[in-house]
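Structures follow.
Look for subunit A in each of the two complexes below; its partner is subunit B in the first and subunit C in the second.
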Partner chain A sequence: MESIRPRARTDRLVTRDLGDELLVYDLERHKAYCLNHVAMQVFRLCDGETTIPDLAHRIGDVLGVPVDERAVRLGLMRLEKARLLDGPVEPILHTSRREMLSTLGRAAVVALPVVTAITVPTSAQAASGCLPFGSPCTGSMQCCPGLSCNASIGNPGLKTCN
Partner chain B sequence: MLRALLGRWLATGELPSAPDESQASLLVEAASEQGLAGLLRQAIGQQSVRWPDAARRALRRADHEAFALGVRQLETANRIQHLLGARGLRCLPLKGAALAERLYDSVAHRPMADVDLLVLDDWPQAVTLLQEAGFAEHEQADHARAFLDPASGTVVELHQAVVSCARLFPLDLDAAWRRCRPGAGLVKRVPSSEDLLVQLALHASFQHGLALRLVQFLDVRRLLEREPPELASLAQVAVGSRAQAAVALALEAAHALVGAPIGPDLRELVTAWLPGGLRRYCTSRLLSDPTALLVPADPPIGRIRWELAAGRRMALIRETLRSGQSGFSRPAALGTIRRALDLARRWGRPTLRAFMPRPEG
Partner chain C sequence: MEKLDRLGWAAGIAFTAYGLSIGVRVSDRSALARIRELLPPGWKPAIKPTVQRLYSLVVGGPTSRAGVRRLSILYSDAARLVRTHDFEEVLRLLEQDMELYIGDRARRRIFVHAGVVGWNGRAILVPGRSGSGKSSLVKALVEAGASYYSDEFAVLDERGRVHPYTIPLSIRPGGDGAARTKYRAEEIGGVVGTHPLPVGLVMITRWVRGGQFRPRPLSAGRAVLELLANTLPARRRPERVLDTLTQVAAQAVVLRGSRGEAVKAAGQILGSDLFRPSPERNAATAFTG
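And then the complex of A and B:
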């Protein structure tokens, strides 16, 4: 276990640091994730050279609270599931949030890594405002100025802003 | 009212207060509608203002989604630039895709409905290349065709011109390419500040009759503040493309709505470029209640286009009614009549209203 030195992926990722969380977009899989401040530190410090116990120490130093090795493993497991690590990091001792809470107590929740998938809106409606040219619609009020909701030229069964 | 509050925030930096959940929720909704959710979240964080938790959560979620969608859209733009570039076809991003990475701290702060790319070379070949790459076409207009990216689901608008009636505004695309420069992120090449301002202005003034979202007027302000166009070069591009009136109108609107800075030299150009009809329009509409123009307003597109085309109105009518059928034939005539009726239905009422004098007081 001591010899595991996980490495975070750097290739084909776009990240955005919001201070207390990190957003990551995977250009390969078109998936996006939000890493909380603990998961962000795990991700940042996985340089392929640092062992899990050292990671726990270093993350604890950054956060100003002691961080259990099991929390680091949970973070690695979650990062691996999101495919944000370079290659497999087995054998990480699998642990769950529930196990962590039962063994470390409720106080541990402040140092738990969380990786949340961001739902990427797929339609033009995601940008709010009006629907642009070509977007499926149900009424002309939805469409941008100059456009109205009519049968699609390519597919008369579908109404689009045109 | 809510849009006016948001406009004032952009112009002065004064955040609208959200004393209770319902007011905050309405502001969040309006900010999302106007493309400002990410910027509002950033401003609330920076100014340490107290806002209800539910509103903060809604803004956080909107911000995260806008980031993911924005990166996805720009990655599609990047792929298409490579795809066309590999076959010797040049293309440049328009609007949001051209400026999200250079004028905003994050792509999440400049949400886009779709990705717009202007093809500078062989348009039919560009369309074919996209189709061969699996992009599914699902709509077409005079100046663009919309495709769906099979890899990401992003909507891409492939433009052969910046606006419809493209012949009214003859852009020198080779010169635009010579002036363009490398992008800072996913988009590999972006237009110069001067070209970008002319394109934004044509889109705002001519294509949409100024009925845009607040963030799109903020684009103009950010461009003037962060990458100000060189005025001699701007004049050259605007005059060359006969877009002076459109540029002047868009600048006046951005000034009225979000406080875009118009320095003395630029003001001189705006004054010289704004025709009398549009000056009267600005006085009556822009200066009284500019936020009434914003999406989802029903703009007087007919009137604005009429004023923008002063001196070449026959060309405007000819270009507007072009049906896509060439020559004089029965299908062409029928197409023209159908188009005229359709445009009258869409634009008739707001345009007639705009030509009527406004009641006093």
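And then the complex of A and C:
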């Protein structure tokens, strides 16, 4: 794990810094992401030279609270899933999210990385009113053609068009 | 397009709106009056004879042969949009397509699919999909005293202010699936807003039978995502859109939650602490007491 030096993707992305959050627009896939303060630091500090333990230290310094390496790995998993990292991350990162959350424990909740995603609608979708992939929904009738309203994989309490 | 040009066109209109020039030509001069009713708010006659988008409408109807009716056909530039005996359907599609074209390509404005009212010098945006109860809430807000800005689009400038887009309110009195009825704001006792307003509140809400209205604040980033999901030119001009939406999120409180009846929710919104000039305004407790 010491050898893993993740690098954040920079090409074909538009970013906007909101202070505590970072907005990222992927011009290739027309997806938009909101990174919370922890995920934002993970994304920013992934320079291709820093190891995961060093990332945890540096993020802890920026946030002013200790940050667990497992939280950094969770952030990397989420950034990789959003395709915001350059190249694939080593398989060692791919531990179960649930397992990781349970081992991180309650105390770590304040320093967990969160990446919220939507598929940006086409102008016709935005004007006509159907919900694109990833949007919260209450019924399949709201979703665009080809999508249905199901429990979200990452958050079973939330239904999204998928 | 040349084939279309060779058809006999009886009349036409060329206009500009939101920095775009659009033309509509018709095979029957009498159709022009109906088309003028569909033009976007603030349209002006075009000065130049060339347009960026040209609609061509072949008007159908009875022919000299008994029992035979011509189809109405609508083209957008060279692409055929619809071919039907139902002329009202053609007009509806023409209106929709013009709105979509303008909303997607307007030069200096960002169009977000949302209802808008003005209250105490600030705008309340209600982004939402068809069937979310957006129009019912806008109507209830107007009936409760808010000024009417739009039932369909929040038209934002580069400073994040919202401009009036005062098309008639379109409500389904019988709920989902029922036919829409159009109301002018004045018909329901409302006042139409005329000046751009800064956005004070973005209310992301959906009608739920018997729902309690206890919306919760969203972070600025999540708020931008919610608005982005309703923004017409989001794919075409993402940088400009993000700049505008972040301005809105920075100046407005953004709340999300389901609601019950529109009238009750409207009263709660307009009576909330958010619109009182108090230093103790608190978005988190504005609707919970």
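Assorted remarks:
We take it that the second predicted complex is superposed on the first by the 112 of 162 C-alpha atoms of A that agree within 3 Å, B and C clash if a C-alpha of one lies under 4 Å from a C-alpha of the other, contacts with A are read in each partner's own complex, and residues count from 1 in each chain.
Simple rule for what comes next: contacts are C-beta pairs under 8 Å (C-beta built on N, C-alpha and C of every residue); 3 or more make two chains touch, one makes a residue touch a chain.
Keep in mind that what you see is a predicted model, and the values were worked out from it rather than measured.
By the touch criterion defined above, A:V14 reaches both subunit B and subunit C.
Contact with both subunit B and subunit C is seen for A:A32 once the two complexes are overlaid on the shared chain. Of the two partner chains placed by superposition, subunit B and subunit C are both touched by A:L23. Of the two partner chains placed by the overlay, subunit B and subunit C both lie in contact with A:V120. Applying the stated touch rule to the two superposed structures, the overlap between the subunit B and subunit C interfaces on subunit A comprises residues 14, 16, 23, 25, 27, 30, 32, 34, 118, 120-124, 126-132, 135, 141. Across the complex, subunit C meets subunit A through its residues 96, 99-100, 103-104, 112-113, 128-132, 206, 208, 219-222, 224-225, 228-236, 238-239, 242-243, 246, 249-250. Per the touch definition, subunit A reaches subunit C in the complex via residues 14, 16, 18-23, 25, 27, 30, 32, 34-36, 116, 118, 120-124, 126-132, 135, 138, 141-142. Interface of subunit B with subunit A (complex): residues 32-35, 37, 64-69, 71-72, 75, 106, 108, 111-114, 137-141, 144, 146, 151-153, 155, 157, 186, 207-209, 211, 213, 295-299, 301, 345-347. Contact residues of subunit A toward subunit B in the complex are 14, 16, 23, 25, 27, 30, 32, 34, 118-135, 141, 144-146, 148, 152-155, 158, 160, 162.
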